[in-house]
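Structures given as structure tokens follow.
Note that chain A is present in both complexes that follow, paired respectively with chain B and with chain C.
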Partner chain A sequence: MNTSIPSGVWRLQLGKATVLLHRRTWLMTLLMLITLLLLFVLSVSIGSADMSMREVIATLGGQGSKLHEIMVYKIRLPRVTGVVVAGLAMGMAGCLIQTLVRNRLATPDMVGVNEGASLAVIVFALYLTLGSWPWWASPLGAALAAVALFVLCRRPGEQGYLFIIIGIAISELFNAVGEFAMSTQPLTHLGSVYLWTMGHFAHVSYQTTQPITLILLALCPLMALINRPLALLRFGDATARNLGVNVPLVQLGILGLAILVASLGTAIGGPVIFVAMAAPILASWLTRDNLAPIWLAALCGAVMLMGSDILVRVLAQPNEIPTGIMTRILGGFLLLFLLIKDRQWSD
Partner chain B sequence: MTVLQVRNLQFGYHQKPVLHDVSFSLPRGKLIGIVGPNGSGKSTLLKLLAGQLPLQQGEVDIQGQALASFSTKALARQLAFLPQRPVMAEGIRVEQLVQYGRHPHQGWFNQWSAEDARQVARARDIMQLEPLWQRIASSLSGGQAQRAWLGMILAQNTDLILLDEPTSALDIGLQTEVMESIRHITTENRTVLIVIHDLGMAARYCDELIALDEGRVAAMGPAREVITKALVDRLYNTNVDILAAPDDGAPVIVPRRRTS
Partner chain C sequence: MVKTAINLPTHQWALLATGAALLTALLMLSMATGAGVYGAAQVFGYFRGDAALLADDKLAMIIHTLRMPRTLAALLVGGSLAVAASLLQSATRNPLAEPGLLGVNAGAVMGLVIGLIYFGVESTQGYLVWSSAGALLGNLVVLGIGLMLGQASPLKLILAGVALSAVFGGLSNYLLLANQTALEQFRFWNLGSLSASELDAVRIITPVVLVALGLAAMLCRQLTLMQMGDSQAKALGIHTTRVRIGVLVASTLFTACAISLAGPIGFVGFLAAYCARLVEPVKLITQMVFSALFGMLFLLAADILARWVIQPFEMPVGTLLAVIGAPVLIAIVLRGGFRSLLTVR
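== the complex of A and B ==
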């Protein structure tokens, strides 16, 4: 049997540098990119006024009518880009935390990171009205939740279920405080904040999406760097260390990245359940192994959130219901499925 | 030069001492077994030597250089460590598992070299993994999985190999198979240090034994000299008979009764 190069990879050679590209992973990345593009155009074409996908493409190419330009650039594109960026961030964050804790149920929306992020945003939006959406508050709240989580549960890689159960408690606590904060305000004052807490993308503006996109882009090199040690962490701390991974440093890096990315994902359209959990599962299913890279999980996240967003808009027409309602329904089924599957394993 | 030198090693978890003043050195190309009752500090000693636990007191030199002076990655090129119950990532093929053994020798722009290919093929052939090469590693039986793990360790291509109870969950046939594979590794002039419970297996396959008793070295030397009735009786608080195997006289331990 030939071992001159690993099976299922392309080898790129540039002078002395060799880089391996896993064939299936890259084909699936391409597939998800195309899916995302198609959904993007479809999503822009859906709305109260009819517009065909062809007209959307023409408008995006600068060939559309004045009316279509206003519809696309002013009304629909802010929402759709917000959904894409939030989905990417949620997919990334889910992949990072699931690997760190070595449990599929451990996602930012389960362990309180998203609730911490939302609480901070709610508090700033309600009590310190600054005019613009306080998206930048979200990492503060998420970090607070993460610190609480790690003080109460020291070794996330060794005690997966304890980590999740403590996380659920923290997440409930933050949720309750958030609801308390909202209940002190008159109902008319709440409006968009309340909708946002259910995961609503209708009022997303570029002022929120733009800086978040830039931060995520800046984090990309770090993600690429962490991808290889991340794959080794799946063999447990001892084996990862044996293979030369500085385990505490990498874990800290993953944790920091995950909190930042998860909170930024939440800041755009509010806390959304399901995407962070399902995206890495879809990614590893697509690559047929559990070592799917972060970027593929991110793309899967964007496709799933976009799909859910399209679904609620089509189903609820002409009303507006929050996207988070749809993901919560899908997430409930997924959670049940995973728990039942897990129980079969432990029998 | 010795591959590994340990001087006055002491260690404790939360004030509770586990190892007291352990000193020894390992010669090149030998299979050395660490034996002793449960809780005598065998696994702790191995983890310390592997850099998996921080040193508290005493010195450990790898190839004449202080253990603490190696980065995690540089240490991984000097020694390979297999924990007692390693976690198998789901969905990994045996081929991928063995290839991960090359990680300490790779970098972001050096993801696969001719040397990587050579060492992976070598590991595969020594551990006879060819028929399992495309199998999903988490679906292998105990003996097969252990061989796959040893394949990963061999691909690491280190002079020193530390294995924590590599045979403890296997039946007698698979124990023999794994011990023969481990023996084979030492013919490449590599040093292998294993923690092992079965004294008969230890005496038959190991060149030398280190017997630990409550964190102290109780005896050290050629395997058949270390395994004596007096030592085994004392270490395990059990009255035993030691017989000689018919073909080569290797000690066979038959427990009679617990003494305390």
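== the complex of A and C ==
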């Protein structure tokens, strides 16, 4: 049988099944993976005590000195893995919601989902003395924010900037309530919570990252399942329905998934904004395709968050500045650029 | 009937009188509440010149260093932000515009932080200069973007303001945390609070606010005519660029004054200017008078509330206003109120 293969695609023969792989997408995935690995090693090597990248690799391979082992495993790895997991989660969540709402600016960090998640964590951390970080509270707040948002905007796909402005007002509101909760406590009592609300990864521990990673891994099959109907949704609801997609079910599933993933990503290092917005944009720029696959968006999220984290640590030495401040500065510029570039799109 | 030089419909006179009466009541309440055991009777006795009360050092201290400065600061800041919002709303023809939402507040904060950290500024005059520089930068960028985007996208301009706030806010937080200044004190100021106002600062800021008010009053007529569009205004002989520069200067001064006294306070300008436009949609001079009145009323009421909600702690008034203002913003956006300025009345 002689079927024609579209250009730019790899054909993979596995017994009887044939898999077509988008060449550009996979090359870019590989590129992002390598970048992430490099940044990972670089990130572990940076810190108050000097350590070369070679030493980092040796230590990770189990051949480092005792001191290096303690430095890597006890101090630096928790932070770096936290950044990777949070970045992956944010990239994923951003890609899901952007595709669902068909709006580049509609991401959990812009429309208040992250702020809702962090508010829940703050409230549980401040008012219930639990002894451990209440990361599990984050989906509650995120769901609350999402419900508020969708009650107010029934058809977000058709409302463009309106949806975003409402989302921003909701995040201002949650933010203010969070500040209110914190202002009832003296700063010494607040400790790391205050820095966490700006997006800080210095105090991340495995107790938080581990369960979140496990949940995210458990969600992966669902992601794979949803990738195809997600790709079909961009042709519009009617077309997707004709192509055999159960539209309301898929939409609800994507939304629920996105909120859960976004809130878990927030629970690690706080409400880091603009990563979820920027990651899918970078991914689609890399693939030259308006809709990049979820995994690539996730990788881009991790690379960007890691890059910001490294940047802020190098620039601010010896001080500890929250990573979220760097993403805010860089992301603000990106948003301005997008708004100016997108001149013809009025509301 | 008394013939007046200013022509106002009766209902507007009535509203103005009610507002003024309410403001007086709030002023008294503001002087009578707060930390310390002194109530209304003692405070008014002090002002009437009761000998026994005049001799009370503690009462004098509370009045002169705590309650009076913050009450006066509330008037100055509320009025400034409200008039600045009215100016920006008509200059950008965007009913959601205000220094806070457009990122001008964040620019002023960044200017002040740079002055504080790199130039060791400690006086009110210094704060004023540096926050003016920051506010000017913010105004230039956001008004420039506004011109670039055109008037077709009021929501987009607000998003640009959000982006600008993120950049400026991120930079000032970065500078502050990297320099380990008194974080506790700054944190409260950065949320917007009147609690640290001083009488000396009020004395220095007042003339600047008055100058800006004068400038705003001069611009009113031209700005009103510019509502019809630039080409129409030019045909009527208005130098639109000159008016825009005037708006830029006035808004910068207002914002800088408010920031130097109380830190960034969002939403109050937007709320006041929005209500003022409901009262008087066309004539800008009347609109600004009402805007200033509402701004003072809202901020004073919010400040009294902020002292009272979570006693013995104090809530930053900016936070309180955000809790009130954000739902109002949502309601207005949902009702499509943001289009009202675009339709010619």
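One rule holds for everything that comes next: the second predicted complex is superposed on the first by the 331 of 347 C-alpha atoms of A that agree within 3 Å, B and C clash if a C-alpha of one lies under 4 Å from a C-alpha of the other, contacts with A are read in each partner's own complex, and residues count from 1 in each chain.
The rule is simple: a residue touches a chain if its C-beta (ideal position, glycine included) is under 8 Å from a C-beta of that chain, and two chains touch if they have at least 3 such contacts.
Computed from a predicted model, the values in this text were never measured in an experiment.
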Quick check on the superposed pair: does A:F235 touch chain B, chain C, both, or neither? Answer first, second, both or neither.
first
Thinking of the overlay built on chain A, is A:I168 touched by chain B (first), by chain C (second), by both, or by neither?
second
If you stack the two complexes on chain A, which partner ends up touching A:L31: first (chain B), second (chain C), both, or neither?
neither
Partner, of chain C and chain B, that touches more residues belonging to chain A
C
One more residue to check, A:L152. First (chain B), second (chain C), both or neither?
second
With both complexes overlaid on chain A, does A:I57 touch chain B (first), chain C (second), both or neither?
neither
Just to be sure I read the superposition right, which of the two partners does A:V41 touch: chain B = first, chain C = second, or both, or neither?
neither
Taking the superposition as given, does A:L311 touch the first partner, chain B, the second, chain C, both, or neither?
neither
Name the contact category of A:L105: first (chain B only), second (chain C only), both, or neither.
second
Would you tell me the residues on chain A in contact with chain B in one complex that are also in contact with chain C in the other?
none
Contacts from chain B onto chain A in the complex sit at residues 50-52, 71-77, 80-83, 86-93, 95-96, 99-101, 103-104, 108-114, 117, 120-121, 124, 130, 133-134, 156
Residues of chain A touching chain C in their complex?
105, 152, 160-162, 164-166, 168-170, 172-173, 175-177, 179-180, 183-184, 187, 194, 198, 273-274, 312, 316, 319-322, 325-326, 328-329, 331-333, 335-336, 339-340, 343, 346-347
Which part of chain A faces chain B closely enough to touch in the complex?
1, 3-7, 9, 11, 16-20, 102, 224-225, 228, 231-232, 234-236, 238-239, 241-247, 284, 288-291
In their shared complex, chain A is touched by residues of chain C numbered 96, 145, 148-149, 152-156, 158-160, 162-167, 169-171, 173-174, 177-178, 180, 183-184, 187-188, 191, 266, 310, 313-316, 319-320, 322-323, 325-327, 329-330, 333-334
